[in-house]
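Lettered A, B, C and D in written order, each chain numbered from 1.
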Amino acid sequence: MDAALDSLYQEIILDHYKHPHHAGLRGDPSAAGTAEVHHVNPTCGDEVTLRVHLADGVVSDVSYDAVGCSISQASTSVMTDLLIGKSVEEAMGIHQTFLELMQGKGKIEPDEDVLEDGIAFAGVAKFPARVKCALLSWMAWKDATSQTLSKENS
Amino acid sequence: MDAALDSLYQEIILDHYKHPHHAGLRGDPSAAGTAEVHHVNPTCGDEVTLRVHLADGVVSDVSYDAVGCSISQASTSVMTDLLIGKSVEEAMGIHQTFLELMQGKGKIEPDEDVLEDGIAFAGVAKFPARVKCALLSWMAWKDATSQTLSKENS
Amino acid sequence: MDGLLPELEVIRKDFPILERQLAGGFPLVYLDSANTSQKPQVVIDTMVDHLEHHNANISRAMHQLGSESTEAFEAARDRVAAFIKAPDRDEVIFTKNATEALNLVANSLSWATGDLAVAAGDEIVITEMEHHSNIVPWQLLTERKGASLRWFGLTDDGRLDLSNIDELINERTKVVSLTWVSNMLGTINPVARIAARAHEVGAIVVVDASQAAPQLPVDLQSMEGASRPDVLVFTGHKVVGPTGIGVLWGRREVLDALPPFHGGGEMIETVTMQRSTYAQIPHKFEAGTPPIIEAIGLGAAVDYLDHVGLDAIHAHEQALTGYALEGLTSVPGLRVLGPLDAASRGGAISFELEGVHPHDIAQVLDSRGIAVRAGHHCAKPAHARFGVQASTRMSSYLYTTPTEIDALVDGLNYTRSYFKVG
Amino acid sequence: MDGLLPELEVIRKDFPILERQLAGGFPLVYLDSANTSQKPQVVIDTMVDHLEHHNANISRAMHQLGSESTEAFEAARDRVAAFIKAPDRDEVIFTKNATEALNLVANSLSWATGDLAVAAGDEIVITEMEHHSNIVPWQLLTERKGASLRWFGLTDDGRLDLSNIDELINERTKVVSLTWVSNMLGTINPVARIAARAHEVGAIVVVDASQAAPQLPVDLQSMEGASRPDVLVFTGHKVVGPTGIGVLWGRREVLDALPPFHGGGEMIETVTMQRSTYAQIPHKFEAGTPPIIEAIGLGAAVDYLDHVGLDAIHAHEQALTGYALEGLTSVPGLRVLGPLDAASRGGAISFELEGVHPHDIAQVLDSRGIAVRAGHHCAKPAHARFGVQASTRMSSYLYTTPTEIDALVDGLNYTRSYFKVG
């Protein structure tokens, strides 16, 4: 029984949960290259307000204010580690890789080179009810990024 | 098999069906002591327009225009035989007796003195789907009679 | 007979009720499938298995039973989407029945704003052969919004009269709603042609596939843009599924633009006492605990039909319909309402028999174990169009045999002699 | 323990799912009955028997199967009427679930004329502890009609704050709609008192009995006129019945005065293309093929509950709730939301555990076979009132044992150690 639980609650996840990275909202939400979104998991109520700053095609900052379970909190923290400083294109690729891992029903071998601490979420993919928790802020990031990009292009 | 059918389709019923008594609408629907109603069996579409004339506490005429199956047509015909010429009070009593017979699930022994040809409907009570057919014009009669009475009293 | 399902006897064994003996020892001859279909064992067993081993509420529950239930429910949505080849599985909404699906659209439209708003001067077009469930919701909508209800009339052989289509469907038309297959006349309507015209004028097209889905292959993906309806509905209990479940497929843009219908659990994004925001489709239109067991049963049902094959079922229905039309028209005094060629119609055949009222016909047939429907079949206007108040309807399905059609024809001849007509 | 059902082990045998083994070989400890209840064998068997031997559409079909189906369906209405002691069985309407029942009232009210009409300046009163299904329909109604939505607030121990009742329910109030028992806080509300006040000002009273019907004896007949609600709704799947069925009981005068909700088959008296007239209740509000099998299953379900006895079930729930409150409050860092005395509450207990999020609690419990609910339980405003975004909820029912409560308490202590809190 603990084996099953431990596969979900990897140490890395619990560490990020207790000590989230890049937490708090930063910067001016109305500045150029910036967008802020608010996403909710309608089923359970987890919420995130997420702000994305892009500069010269690079994800210069991702900041957030989030309430939710260990999985959603840790996932947000890991995401900021992974995406801040990457080019938008690279970041989109990482997003896609993480999405595939989560939707793989636990059958995909995660790539540590791409996902770093994110590989700890491989076990989450086996718990369909928790996949949404892990994806909440990733979806918010994608939404905010698209908004910024389409603002720039218009 | 025919025994079952024959218990429903008594000769008397088929006779009334082929040669309905008192058919057609008579008199002036707007005359004093008169009411006309239109009733429908929503399930199957059987319809009756029924006109009731009361005079001095007596059912002086019941006339109708009806479309429907053998049971509903025969029942209308038998009803006019039974009610025309009776005092309203007596007629209400007969109505009640017929209603009880129909709702008795085939377990009530009909009283020929009261119901005359109406006893032929005893078998109908065993066919729940047809009870509504047999009652259509009786319900219309009661409705029209109440309307006449309340018009008189107001 | 060509076209019959090759494994007909095996298929019949799948339906436990077909073993039923009726009063007088008669075996059941069930010719009322357009009213509701019978259920194969696999549908019943799937529901029982779920109730006995996996039952839980969905979405909201994170425990193992909850996950199993949610997965089974959403898998049913995938199956239904595959059954009608929906462009997007999230466009498949579970309702209570076809009636609720049609009311969902008509009622929500009465609160729509923007392009979909219905106002005085606008027109909604239906047909004279609709089931009441595709008439009354539009009467309510047009009465409430001061819009006008218009309709296609019928030709003497029971088809839509399309002669005035370009006038009937015009710039004022907001919605065209019609049945794909008539439940009374059996007519198969030219849905693609009408949809194309409606889309020319910017109207949305609602197709009632309640009688089509059981017997015609439905392939939304392969319909060309302009001829594809915007909304298509059907009902579970006519496609060998349980009662309590219906399906509304709708194009995402239309469903997104409609205001919500029922408010409540699961259809929200967030709720405060002051205001609420709503979830995305399909959840937006699935307030409250949905018919979970029923959706799962429906999933098994459409799987069963897909397994037999809709092309094969359609061929079976056409063969039987042809055979039945022949048999019926051999009965003296019998008049079929609707098209007389099997190829252009579905498997429901309504008829009149001179001198005997439909109730009485149905009663005599029932005394021989033959179940047909008598009445207006929830299509009063179509009956009125043909000057009749009621009719008798036989309707076959994948488990129907030619022998059952023979029994019907014999029964009708017996009915004539019983009532001493002719 | 006093008050437990004497035949508890026998009752448990009636529920096949309780034999279920979960991952890791754990037996199922089902503490999520306020979400949906489990089903006794007799409910499943009744539905299967109907599907295998009597299945047909109702009302419309005159054949033997049709009569059998109609009789079984209408007998189910009689049983449900008896279950809540409805003054008149025709006042019992079958809906899809409680959510549809509430929307039926709110949506129809938006088209009502005369006394029931809702207009700008009118007020509708709910409470801060309602399920979303009793909030959103009223938001939709008030937004659409320009009326105002108002609500009773909550006290710190999770009861309705009635201090301003006479101001809140006033001459402008058209409807007061409230839950009898809260699905989150467990609170039992003084429905009679609030109804009496609402009736003083001529408002109609809607009671959401979704959580009350499973565990409190409901006796509409014995409620005095002024304190009897005008409408009472509940949902089948929480009273050991199937999904896909709900109940709306309404006072005849109110139901007669409301315009129809769904238009379609069975709710009509007559239909022409120009206009339609409507059937009497209950049919007026039951458009289309109703959930037939589901109503029949619900009939068996309420029969089962009546047989065990609602007084006995209530006593059982109270005993377990008392025991659970004791056990839960022994867990360090655990805070119960809602009243702390078992006598004034139902069997759903929501709580917080310091340092562990409800999802994570539910996950750990689930790994030990214990099914609880984590989240907002479709009561976001009530959660907001207590400053929490989510909670964990255990809910018992007639098959729950004290040993299962012990397992929960152990599981919570284990959760604390797993997450290294305290």
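Rule of thumb we're sticking to: contacts are C-beta pairs under 8 Å (C-beta built on N, C-alpha and C of every residue); 3 or more make two chains touch, one makes a residue touch a chain.
A quick note: this is a predicted structure, and the numbers were derived from the prediction, not measured.
The chain pair with more C-beta contacts between its two chains, of B-C and A-C, is B-C.
One inter-chain figure worth recording: subunit C and subunit D are separated by 31 Å, centre to centre, where each centre is the mean of the chain's CA atoms.
Centroids of subunit A and subunit B (each the mean of its C-alpha atoms) stand 76 Å apart. Between subunit B and subunit C the centroid-to-centroid distance comes to 37 Å (mean Cα coordinates, whole Å). Distance between chain centres (mean CA atoms), subunit A to subunit C: 45 Å.
Each of the following residues of subunit A touches two or more other chains: 43-44, 127, 130. Annotation for subunit C: residues touching 2 or more other chains are 23, 60-62, 66, 266, 268, 270, 359, 363, 374-375, 380.
If the chains shown are joined wherever they touch, the resulting network has some other arrangement, not a path, ring, star or complete graph. Pairwise, the chains that touch each other are A-C, A-D, B-C, B-D, C-D. Residues of subunit C touching subunit D in their complex: 16-17, 20, 22-23, 28, 30, 32, 35-36, 38-39, 44, 47-48, 51-57, 60-66, 96-100, 102-103, 106-107, 111, 128, 131-137, 139-140, 144, 149, 151, 235, 237, 242-246, 260-268, 270-273, 275-276, 287-294, 359, 362-363, 365-366, 370-375, 377-378, 380-381, 384. Of all residues in subunit C, those touching subunit B in their complex are 23-24, 26, 357-360, 363-364, 367-368, 374-376, 380, 383, 389-390, 418-419. Taken in their complex, subunit B has these residues touching subunit D: 40, 42-44, 127-130.
Those residues of subunit B whose C-beta lies close enough to touch subunit C in the complex are 1-2, 4-5, 8-9, 14, 43-47, 67-71, 127, 130, 133.
Per the touch definition, subunit C reaches subunit A in the complex via residues 59-62, 66-67, 70-71, 266, 268-270, 279, 283.
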